[in-house]
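One chain, chain A, appears in both complexes that follow, with chain B as partner in the first and chain C in the second.
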Partner chain A sequence: MTMLRESQIMKIHYITAVAALFVVAIHILMRIAFMPYGMSLEYGNVIANYQSIPYIILLESILVLVSIHGFNGLRVILLELRQSKKWEDGVTILSIAAMIALIAYGTRTIIIANGLGVG
Partner chain B sequence: MLPWRGNIELERELADRNNREGMKGWLNPRRYGWERVSYWLQRLTGVGLLAYFVGHTYETSQITGGPALWEAFLELSQTPLGHMILIVVIGMCVYHSANGIRLIFAHGGKGLGKPGRPDYPYDAVSLNYRQKSGIWIALILAAVAMLYGASVLFGGE
Partner chain C sequence: MTEQLIGKIETVEKKHEKEKHQKEKEYLRNSVSLKIYRANKHAGESPHYDRIEVPVQRWTTVLDALLYAKAYKDQSIGIRYSCRMASCGSCGMKINGIPRLACYTKVSELQGSEITVEPLANFPHIRDLVTDFSQFFAHHRNMEPYIQNEHPDVITGNNKLTEFMQSPEDVDKYLQFSYCIKCGLCYSACPTVATDTKFPGPQALSQAYRYFTDNRDTASNKRLNLVDDRHGIWRCHFAGSCSSVCPKGVDPALGIQLMRGHLLGFAKNEKKTAELKERLKKDD
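Let's turn to the complex of A and B:
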């Protein structure tokens, strides 16, 4: 089942962790640094975020990095709790499927919101 | 002759089952001291953050339903309870990040000290003051971030 060695998967886990730390920090700063937190959540301001290409890249990066890191982390926890070939293969397949589903759902939001007008 | 003898896969699985403490072993904080607490806090915060991330992805997707749906959804989440949940998420995020950085260094062999002769009372050299300080720093940073988060969320802005 494994296409990558666990050592390679852990490197990916750490790289996505450090990268996610940076992009999530920028995302949080955007919520509080330029305007009050409550105002940044107003419909017009959120839509404006989705229509800015650099912000779209930031959101998609967060989506991909956190999904990979999060679901691989969950996979590692589940493999620590129990070990058998069936369990390990099942957990790996489900983690990858959930990861792809979440990335697809989040990307769908970005694409639709990008097409919405503020008015 | 035991029926599973020779079936290596089954033998391994049975041995694993017999040695397994399950969740009790995973959550037992009595062994290994602070490092054990840090071990399960890292996992609990990780699962909590993943749950929040899935919820947040769903929450933000409500923007596609137009301004009325977005405002209605915000009214649900921008409540004192919603703010309290967000403050816990901030704490989990900062702890998970700071402790995760410590773990990346530890897995790379940094800050573990030099291997020593195993003398009584057999304290592990790797579980040293650097690692303990790292855990405390992660906890303190999480507490500070939660206080800052509370000031922003409940600050009336």
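Let's turn to the complex of A and C:
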């Protein structure tokens, strides 16, 4: 159950951490720069965000980067709890599945909000 | 005449008595209470602490105090020791909660009149202050801690065997890691070892780096693969407690971080650069 070496996984872990910090910083700056912070969560403004392709790309990259980093972090923590092949493989498979599920659900939300998914 | 003599003798006797009392007082003043962890599963003895009063001098080490207690107060105390000079690494134990070598810790440097001595954490317990080092040594052995070189013979242009030249800079890269005496203090202080028994621990990982960075060794990739595991070098939390307890000044945390750098490709060509520099020097 080893498609990637641990060093490759950790390289991805570190890169996603730095990249996530960068995109989240841009996201926060955009929230503050374009309108008062309180207005950014109003229904119309939220839907408007999903109409802009660059902003959609930004949100999707936050979703992907944070999911990869977060679920790998969770896998690393859980690996230390028990030391058996079953547990290690189980934790790895479950965290990958949960990561894919979360990315899929988030992407679905973005697509629906963009109006592409609605008839 | 006789009365005078008796009087003199009495005075001398009183003086002696006074001196004796004085010495006893000094003895009591210069003593510490050892709180020793005692447990013997095989004899059905449950864990408890024994308090033993031991006389100390300025130069008394914790091991000296324990050996005094063993010789004159309780011969059943289980301790492992050998060289008494911080070379063999046998007398590692928790002294006032911190892993230290008993022969390298003076009583005078510890605060308070009571010293608590316990077996090292993260090691299976055998008896009293003695722990089982089997797993620790197994991790060390797994790192293949010896020079591996397919072509150990260095042959010059004249077809003559010559010695392998190593510059002081090359030696500096691994020297501090070669001071390790395998006392297990770093292993005992490591928070990852406490939860993950498959984690090789700071000692084994720093030894992997010691041989990895040695330019006589040619098994670099093999060594990287050995530590690049689910329970390998990446599980280090970088708490740094291993480096702070080492009695020989080794910095295992540094070795681990440097090796991680090699695994991530930050310092990939360091060895090759060193070899090229050496070759250039020879050519000049």
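Criterion: the second predicted complex is superposed on the first by the 115 of 119 C-alpha atoms of A that agree within 3 Å, B and C clash if a C-alpha of one lies under 4 Å from a C-alpha of the other, contacts with A are read in each partner's own complex, and residues count from 1 in each chain.
Here is the rule we go by: contacts are C-beta pairs under 8 Å (C-beta built on N, C-alpha and C of every residue); 3 or more make two chains touch, one makes a residue touch a chain.
The model shown is predicted, which means the values in this text are computed figures rather than measured ones.
In the overlay built on the shared chain, the residue A:E88 is in contact with chain C alone; chain B does not reach it. In the superposed model, A:V66 lies in contact with chain B only, and not with chain C. When both complexes are overlaid on chain A, the residue A:S7 reaches chain C alone and has no touch with chain B.
If you count the residues of chain A touched by chain B and by chain C, you find the higher number for B.
Looking at the shared chain after the overlay, A:E80 reaches both chain B and chain C.
Overlap of the chain B and chain C interfaces on chain A comprises residues 10, 14, 80-81, 83. On chain C, the positions that touch chain A within their shared complex are 192, 195-199, 224, 228-232, 234-235, 263-265. Touching chain A in their complex are the following residues of chain B: 9, 12-13, 16, 20, 22-23, 26, 43, 46-47, 49-50, 53-54, 57-58, 60-61, 63-64, 66-67, 70-71, 74, 78, 93, 97, 100-101, 104, 107, 152-153, 157. The part of chain A that touches chain B in the complex is made up of residues 10, 14, 17-18, 21, 24, 32, 36-39, 41, 43, 46-47, 50, 63, 66-67, 70-71, 73-74, 77, 80-85, 102, 105-106, 108-109, 112-113, 116. By the touch rule above, chain A contacts chain C in their complex via residues 2, 5-7, 10-11, 14, 76, 79-81, 83, 88.
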